[in-house]
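Presented below are the structures under discussion, each in the form of C-alpha cells.
Consider the two complexes below, in which chain A is the common component and chain B and chain C are the respective partners.
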Partner chain A sequence: AHFSTDPNLRPSGRLELRTQKSAISQFRGLKFLGARFDEGDSIIFLRKEIFCGFLSAGKASVMASSLRLYLTCIRNTLEAAMCLQNFPCQEVERHNKPEVELKTSSELLLNPVLICRNEAERCLIETSINSLRLSLKVKQADELENILTKKFLRFLSIRAEAFQVLRRKPIQGYDISFLVTNYNCEEMQKQKLIDFIVQFMEDIDKEISDLKMSVNTRGRLVATEFLKQFL
Partner chain B sequence: MGFSLRPRVENFRIGSDSSLEFQNYGHLSPARSDSGGAGAKAAPYLGGEAKKMAAIAVHQFAQSITCHAWSPDRSMIAICPNNNEVHIYRLSQEKWEKVHVLQKHDQIISGIDWSVKSNKIVTASHDRNSYVWNHEGSEWLPTLVILRLNRAALCVQWSPKENKFAVGSGAKTVCICYYEQDNNWWVSKLIRKRHESSVTSVAWHPNNIFVATTSTDGKCRVFSTFIKGVDTKYGRSSSSSDSKFGEQIVQLDLSISWAFGVKWSPSGKTLAYVGHNSMIYFVDDVGPAPLAQNVALRDLPLRDVLFISEKMVIGVGFDCNPMVFAPDDRGMWTFIRFLDEKKPTLASPKYGSQFSEALGKFYAQSKYGASNNDGNSPSKSRGGAHENCITCIMPLAGKSRITRFSTSGLDGRVVVWDLEKQEDLLHTL
Partner chain C sequence: MNLWWCGAMKGKSSNMPCCFERESPALKQILLKLYHAEKPVEIDHHLYEFGSVEYYVQSSAADPHHSFLSVLTPLLSQGEIPSNGPLSPYTIQMVKDICSESAEVVEPAREGYQLTLKLNFSMIPKSKESEKVVRRIASVQAVIISSQLKEIFRGVDSHGTFQPIKLVYYPREPFYLIRQPQKITAVFPMRFKEHSDVVIATAFFQELMDVGSSAKWAKTPTCTWAPIPPPELRGESIEDLSTNGGFVSFDICSRHVEGKKLEKTVWTLLNFYAFVKNHIKCTRGLIQRRMQKRLESLVEVLHKGAMEEDNKVKRRRGGRYIRKLVSLSKFKTLKRRCSDIVNKIKRLRYRIKIHGFNRFRRRWLTLPKFSSSRGYSRLE
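Right after this comes the complex of A and B.
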C-alpha cells in the first residue's frame, strides 16, 4: 500500500521474485531491506528467456541487455543500502567496528539481498548500520577461466589498501568482496562509490575474457613454434 | 565579498549575480580543520532572481561535520568537524573566524547543544564522557559530568528550562543529568530499563518532565524524568501519577527498522520521529491511546526532523535535501515537497582520482571517455546545497514559528535555509 508506482524506479523488464514481498521492484528506500522476512534471503532471479522477446540481434544482445539489467538492479540496491552512519560498537566500549563483519547484534543488521543474473553469476549485498558488504561471484565457464579469475582477483585483493573499499578475502562461496564503511561514505561521494563498483563489475568480465584470449593465443603460438622442429 | 566553494558539479548555480570565487578545497585531502578558520567564509547570497531559493547561505567549515549548535544570539556556531574537538566560529564582517577550540574529549563528539538562557555548551562523545562548558571571560571551561556509562554517548539535549540535560547512549540507557548546587557538580540518573538497543536520539517535551527517546530497536519511548529536588521547585503538582523518575509513559512500536530523530511539536501535542525504512511517524495525543500516522517516503531515509510550527515539519537525511511535511485539513500528514531545487545534470564519468589511478594500473586501455555509454547510466548528481548526507538540523530564528533553520552534513557544509520567501509553504503554517 505504501510503495510508489513510479515507473522510473522499476527496472525495465520483468523480474521473477521468489519472495512474497513484491516490492523488490522498488529499490529506493529500505522498505524491503528493513523488513524482517521470515523466509530468509530474498532472491532476485533474472530470467534470460524474457529478453528474447525484446531484441532483434543474436546472443550478444541478450547478454548485453541482461548485463544492463543486472547492473541496474545492483546499482539501485546499492543506492538504497549505502545509507551508512557512524555507530560506535555496542559490545566493546570505545571501539568502532563494521557491524556487518561483527554480526553480534542482530538488530543492527538488515536483510541480505541476493541478486542472481543466472546460476553462475551472483551478487550478495549485506548491510548494517555502519557498513555494507558486497560479494560477487563472477561467471567462470571453464577450468581456464576458473584459474584466471582466481589469480586475477587474488592479485587485486592483496592490493586492497589501494582500493580502500575492497576486502582482502572474499566471502565463502564468492570470488571478490567489497566492504564499504561509513568512513568511506564520509570521505567519498556515494554516487561515485556506486559508479566505481558497477564499473568494476563490468570490467571484470572483459578483463577475464581478454586474459583468456591472450593465454590461448600464446599457447597456440608456443605450440606452433615447438612443433615446427618436428616438421 | 567572495564565495568559496568547490563545485563538484558543473552546473551548481548559487546566485545569478553574485561574484563567485572558487577555491579548491581538495576534497580528498586530509586535515582541513586548521585551514578552516581562514578558508571558511560566510557566503550569503541573495540573488535578485533567487526569490524561490530557500537556501540563503552555504558555509564550508570542514571536510565533514558531525553536529552543530548555534549560540543564543546566533553570532557563533559550534561544530564538530568529525573529530574529538569542538570548533567555535564567530561571524564577523562576513567572514567566519575560529575563536575557540574545545579539546577535552578523546573520541569523536556525537552531540553538541548550546543552551539559550544560560549560555552553556554540553558535549557528549563516543568516549563515554560528557562535558558542560561554561564561558568565563574569554575561555570555555569544561566541567566533567560523571555519566556512569559504559558505552558511547550518542546524543545530548538540554531540557527546555535548562536545568537538566538528557544523554542517549550505546549502553541502551538514557542519562538525565542535573546540577546539584551543594556539591557544585553535575549528577546523573540513569533510565536503565526498557531499551533493547542503542538510544540514538532524545527530545524533551516542553513541560521539562517528559523525554522521548528513539532507539535502534525501532521503538520510540516516552519517559518521565521527574526529579524531586529539581522539578518540584517549579510548582509542578505532584498529583500526576506519572511523576516517578524513569517511568515509561508510552512505547511506540511503529517502525520495523531503526528509529532516529525524534522531536516534539512546540506545544508538545505531537511527536515526530523517523524510521530507517524510509518512513516518518507522527503521533498525536501521546498517552495511553496515541494516534499515529505513518508517511512513507519515496526516497532514501531521513536522519533528523524539526518542527517549524505546529503544522509543519522539515525532515533531513540521506537525500541531501530537506523535505517539508504538513498536515492537510483533515489532519493527515503528507509530504509537500523538497526544499531545494535540484538541477539534475549528467555527472562527469570520472570517479574519485584514487580509484581511476589504481584501476588504470590494471586496465591498460583508458576507458573513462567511453564509460558514459548506454546502459551504465552515470549517477545523477545532486546539484543542491548539500552533497552528502545531512545529519543535523537546528532552528535559527523565529519564536512560535521558525523562519530560519540550518542544516549540517557529512560534506562539511552548514546551510542556512529561509522560509520567508516560500509563499506556498507559508500558507500552511
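Right after this comes the complex of A and C.
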C-alpha cells in the first residue's frame, strides 16, 4: 500500500489520508477503528491516536509479510538444493568428505544462492553433490542487539553437536552456519529438516528481541530501585 | 587466636564490597554472640573483609563487661591510593554519636588500627532495640567512610564554585565532586574491561536517565550520562578521564542531604560503582540462563522430530516385520522350554542315579538334529 506523505488536517480536527484506490479495498476492515472511507481515494481518521496506531500496525504487517517472503524463498531454495547423495572423495580413496567444505572439484559444486532480505539480513546457500551449507546473517539494529546476537549464536555454535547440522564456526561474514550432509538426509526427513532450519531462523529473531527487552526491562527496574535510595 | 577470612584477600586492586548494607555481617554475628552469651567468653578474632577492611575483636573472661573492637579501613583520599591515616575529629564525633552509651572511643587506638572502641554490652537495653544498637556498632566502618563525604556535602548551599575534588575509594576508580552554586555534582568516570559490559552499562545509564527525568522521580538527584567528560573536569589528568563507559553525573541539592537523607545519599553514591558492576554481572547471568533455556527448547524440537520419524518408520514396516518377530519368538520359547527341561533332568541326575536312565535319556529326551554338521548319526 502506498501512503501519501502529506495528510490534510480538516478544520474540524479530522485527519484525511489519501491513498491509492487499489489499496482501499485492503483497508475496508478499518471501519471498526473509527475510520471511514470517503468517496474516491481517501481514508478519514476521526482520531489522531487511531491514525498513529494504523501506521504502526501497517509497518508491522509490512515487516511480517517481508519476513514471510524471505523465509518462503529460503524454504523453496532448500527444497530444490537438498538433493544430496553419497559421493566418495575423488582425491583420497576410502574417504568421504562434504564437498561443499573442500571445494576441490568444481564439477561437484552448484552455484551458490544469496538471498537478501535487506542490507543487514542475508542467507547464503552453497550446495554440492553430497552436502549443503547454509549461512545466515542476522539483523542487528544497535550495539545491544549486536552483542546479544554474538553471545547467543556463539553459545549455540559451541554446543553444535546437540543440533547435528550446526557448524561450530560460522563462515566469515555471517553469524551462523549449517552443514547438512547426505547422512543427515538419510537419518532425518528432508521436509522436517527444512522446517527445523526455517523455524530456527524465526526463533533466533524472536529470541534476540526477547533478550533485548529483558535486558532493558531489568535495567529499568534496577534504575528505579537505585533512585528509591534517594527518597 | 582465630583468623576468620571473609571475602577477598587483602591488598587486591579488584576489592569491592559485596553487599550494600552498612553493617558488616561477620562482625554483627560476633557482637550478637557476645551480647547473648550467658557466661564470659574468650574471643580474639581478626576479620578481613572486601575493600581492605580489618576488624579486631577482643573479649576476656577476666573482664566480662567490656570488649574491644579495633577498626582499620582505607579512607577516601585525594591521591591515587586510598590512605589509612588518622581519623578527623568530625569522623570521631560521628562514631561517638552512633555508639552513644554502649561504646567509648579509646585514645590512642590500638597499634596498627585507626579506631578502638571499648564496648559495654551491659549498657545496651534488653529490648527489641538491642539488635539495632548492635547493628549500629557493626556499621562503624560505613560511618567512618561516609563521614568524609558528609563533611563535604554539609556545605552544599554555599555559593561560589571550587576546584573539582578527586576522591579515591577503590584504587583506579576515582570519582569527582564539583561544587557549584546551590548544588554539588558527583561525576563518576566509568570503565569496563569488556565491550559487552560497556554496552549493558550504557543501556542501564540511559534507562537511569529516562526514569530520573520522569515526573514521579522529580525529587531524586538529576542524573545525566555523557560519553565525554563535563567541562568542569577539563584540566584533570588524561588517565583519569580516559574511559570507555562515559561519565555519569548526579546533581546533589540541599533537599537530598537534609536530615536522615544525608546518610542514604552518601552511602548510595559511595556504592555506585559496586551497584553498576553488580547489575552487569546479574544481567550476564540472566542472558546465560535464557540462552540455556532456549537451547533446550530448540534441541527438543529437533529430537521430537527425529522421534516422530522413528515411530512412523516402525509403523510403516507393519505386518511382515511383526510376523517375522512372532515366528522368531515361538521358536525361541520352544527352545528355551526344552533346555529348561534338560537342565532339570541333569540336576535330578546328579542327585539320584537311576540305572538305565542314561540310555533312556539319550534315546528319548534329546532333541533330534535335523541338520548335522558332521553329516552322520552316532551309533550307540
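The definition used in the following text is that the second predicted complex is superposed on the first by the 173 of 231 C-alpha atoms of A that agree within 3 Å, B and C clash if a C-alpha of one lies under 4 Å from a C-alpha of the other, contacts with A are read in each partner's own complex, and residues count from 1 in each chain.
In this section, contacts are C-beta pairs under 8 Å (C-beta built on N, C-alpha and C of every residue); 3 or more make two chains touch, one makes a residue touch a chain.
In this text, all values refer to a predicted model and were calculated from it rather than measured experimentally.
Peer 1: When the two structures are overlaid on chain A, which partner does A:71 contact: first (chain B), second (chain C), both, or neither?
Peer 2: Touch status of A:71: first partner only.
Peer 1: State whether A:202 touches chain B only (first), chain C only (second), both chains, or neither.
Peer 2: first
Peer 1: If you stack the two complexes on chain A, which partner ends up touching A:185: first (chain B), second (chain C), both, or neither?
Peer 2: First partner only.
Peer 1: Between chain B and chain C, whom does A:96 touch in the aligned arrangement: first, second, both, or neither?
Peer 2: first
Peer 1: Should A:112 be classified as contacting the first partner (chain B), the second (chain C), both, or neither?
Peer 2: The answer is neither, since A:112 touches no partner chain.
Peer 1: So in the superposed three-chain picture, is A:144 touching just chain B, just chain C, both, or none of them (first/second/both/neither)?
Peer 2: Once the two structures are laid over each other on A, A:144 reaches chain C alone.
Peer 1: For A:214, using the defined touch cut-off, is the partner it touches chain B, chain C, both, or neither? Pick first, second, both or neither.
Peer 2: A:214 contacts chain C only, not chain B.
Peer 1: Which of the two partners, first being chain B and second being chain C, lies in contact with A:86: first, second, both, or neither?
Peer 2: first
Peer 1: Any idea whether chain B or chain C touches more of chain A?
Peer 2: Touching more of chain A: B.
Peer 1: Would you check which partner chain A:163 touches, where first means chain B only, second means chain C only, and both and neither mean what they say?
Peer 2: Both partners.
Peer 1: Find the residues of chain A that appear in the contact set with chain B and again in the contact set with chain C.
Peer 2: Comparing the two interfaces on chain A, one with chain B and one with chain C, the shared residues are 156, 159, 162-164, 187-189, 192, 195-196, 199-200, 203, 207.
Peer 1: Quick check on the complex: what are the chain A residues that touch chain C?
Peer 2: Within the complex, chain A contacts chain C at residues 143-144, 146-148, 151-152, 155-156, 159, 162-164, 187-189, 192, 195-196, 199-200, 203, 207, 210-211, 214-216, 218-220, 222-224, 226-227, 229-231.
Peer 1: Which positions of chain B touch chain A when the two form their complex?
Peer 2: 8, 28, 63-64, 66, 82, 106-108, 110, 126-128, 150-152, 154, 170, 172, 196-198, 216-218, 256-258, 275-279, 294, 296-301, 303, 317-318, 347, 349, 351-352, 354-355, 358-359, 362-363, 367, 371, 374-381, 387-389, 391, 410
Peer 1: In the complex, go through chain C and note every residue touching chain A.
Peer 2: Chain C residues touching chain A: 195-196, 199-200, 202-204, 206-208, 210-212, 217, 219-221, 223, 256, 261, 264-265, 267-268, 275, 279, 282-283, 286-287, 290-291, 294-295, 298-299, 301-302, 305-306, 308-309.
Peer 1: Give every residue of chain A touching chain B within the complex, in rising order.
Peer 2: Listed in rising order, the residues of chain A that touch chain B are 2-4, 6, 28-31, 33-36, 64-65, 67-68, 71-72, 79-80, 83, 85-90, 93-94, 96, 105, 107-108, 110, 129, 156, 159, 162-164, 185-192, 194-196, 198-200, 202-203, 207.
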